[in-house]
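As written, the chain order gives the labels A, B and C, with residue 1 at the start of each chain.
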């Protein structure tokens, strides 16, 4: 941050971004805030309701249940994908022709439209004609994700691991490839074990990208909508109805604008606060 | 020279490829074979599903629509992000840090929150069911990311480059286009890649903001899944085709992906 | 502490090296005597870092042997060679304190904490790191980090050799000489062999008793700084050492002696070269060229003031000849004549000096 000089005219350079993002973010956000404090009976007639919707949402079992499912889902996802992704990145070759092959193949799931991911796993996991479903049943597991909540959760989590672990791998790999060769050479001369190399060189150097990986995976898994929606439709029952699926049902399905507005704001706030808290805690060491 | 455990990534890649293989497998099967038996590869190999997609305008228009709004979005996002990223990387100005943070918070907004307000906003301004509506909506999520990535790359370019150019009598726009952009072309590639990626894979907003004229391929697929019953082969073929643009883009930026991640600043 | 010998050492980074240019090192035979301070000098890409990494064991040479006190260590891994190496960019373990950094190599070798404490204290005292022992290593300045890297090498008793790979690259200019004299001091106290890789001739000359000059994978000369200056064994050494570098002029053997542009030149030990050379050259440093009343006619092109002397660019035909003129002596303009000091004029065939015993 050193060496920058103050120039208020720089505002002109950021103006297009500010205008575009403000148009896109502020107007809809105002709309949401507006709804969340009012009652509508159609025909654009609104009545001031104060914090009624917020109280209703916060006391509703439905919201609590979706939020609970969301938290459990995101926790499981993070607990699997972060260590798994780091482990894969650590065991990847650092240079040579195989690096490109690995990166291209691993990045592939990241660029498949989310509904296609859902559809793909839908087909892959079907108990009668899907490779996964058929195999699991042949191995003696009673598996049917359209009927059993446990199977559905297993499938949704496996799908997310399939879809997103590569992001963690790519980030970790980027962090690893920025470590100068001299660190490994010095460690060799110092007689460090390979575990010590991971513990004292590789993990500390990956810290920054791991923070990014954690934040991105937290945000995106907390907002997940399309893949489970296509795969299970939120079912069986409400077993895989996560926050976004629930919100879309309320907003676009039932057109309950007030509760939808209130849910939206609470939802957004939870993500913002968690990111801020995590980031502050993670960077505390650096600041000292 | 270093500990190599090639079987770990190999194993992982096999795991990644299995569902994709299954999708391809399905796409070359007839509906009868799909429903009638469980086969590990197509016994009655057919291209019929692909023929349907390439001859039926509702199908192939879906691809054209998707690629159109993805393209518009990438161009808009990168174009407006460039000057902004330059401002953040070179100057200090009133509210710069808050602005940067505010931009990033938009990346944390769930699309589901914006679906309904976007629908109303774009209907109000008469953009509903146009490519530009989807492109603008996606820009909300892509611009912050593009600014962030580009700022990282630009901070890596020494300030002396700017100063030398100004001393040589370049005006700002001429310097920016002739000298600065070529210097960070890799960063632009990475930013464009991420914009393409998000816009190409997102469905909720794209589906909500379109009905007929600009319907993305992803939405055409959902409709097929729900209305025309059990045409799994067709669905699999359509899905397989959506993998191709992504694979292309990854191949071209493969050397920059890892770097792009590393250079962004938290 | 030991003597290090390299025997017919060759190395290539390719699996199947074919041509000459595929070899990073082309057959080296060097003996580094115990306790010496050596500099390995050469431009980047000449193979000096490769050589250093072979000595420390990070690289296994394609062929040839490396011996410590006549014991073959070619295949022995770095951690067992008892070598310290300091790299171009400081390497410290960021999450550890300075104390833990210094103790790390000992802990890896299973030394008990009771023995580690006094040893770390001793090394920290030697390197002036006592005040920061319990700070995180990550927050320190570059020179302190380089000291830690060095300390991690010194911490093991009886280091065979300390290797430096351009260790002052990232150090602030005003701290460079502080750290360099620290290295000298440590050399005196510890007495182990030190090999210092650099591309900077001043650094090499001030650090080392013996300078090894490398060029394109071969050692072109080993000698004291004065030998390198007065009698370069290869035109490359003449170019690379000294500022400005040696004049290298085309030469032919007419009338029984070396000639430049038709003028006979008196040179030290100017025996007729054996047949079969492709190129014959005269080498003379600008310090040993002077104006005279007769001799080689030149046009004076440019005079640069360099403080205690002036650098004069002259030209004979297409050939540029530089000479140094001490302060206070006048320089003519236009045409002049110059002559060479015969005691410091050498003849080179295909780059190598002739009329001298080979190294």
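What we mean here is this: a contact is a pair of C-beta atoms (placed from the backbone, for glycine too) under 8 Å apart; a residue touches a chain by one contact, two chains touch by 3 or more.
Remember, predicted model here, so these are calculated numbers, not experimental data.
Listed here as common contacts of subunit A and subunit C: no chain.
Of all chains, C has its CA centroid at the greatest distance from the CA centroid of subunit B. Each chain gets one centre point, the mean of its Cα atoms, and the points for subunit A and subunit C are 55 Å apart.
Between the CA-based centres of subunit A and subunit B the separation comes to 16 Å, rounded to the whole angstrom. Per-chain Cα centroids separate subunit B from subunit C by 53 Å. Residues 2-6, 8-9, 12-13, 15-20, 22-23, 26, 34-35, 38, 40, 76, 80-81, 83-84, 86-88, 90-94, 96, 99, 103, 105-121, 136-137, 139-140, 143-144, 147, 159, 197, 200-204, 208, 217-218, 221-222, 225, 232, 235-236, 239, 242-243, 245-247, 249-251, 254-255, 257-262, 264, 266 of subunit B are the ones that touch subunit A when the two sit in their complex.
Within the complex, the subunit A residues that touch subunit C are 180, 182-183, 185-186, 188-193, 196, 200-201, 204-205. Listing the residues of subunit C that touch subunit A in their complex gives 53, 56, 58, 77-79, 83-85, 87-89, 91, 93-96, 104-105, 108-109, 149, 152-153. Note for the complex: subunit A touches subunit B at residues 3-11, 13-14, 16-18, 20-21, 23-25, 27-29, 31-32, 87-88, 91-94, 98, 100, 102-116, 119-121, 123-124, 128-132, 134, 162, 165-166, 169-171, 173-175, 177-178, 184, 194, 208-209, 211-212, 219, 222-223, 225-226, 230, 243-245, 247-248, 251-252, 257, 260, 264, 267-268, 271-272, 275, 279, 283.
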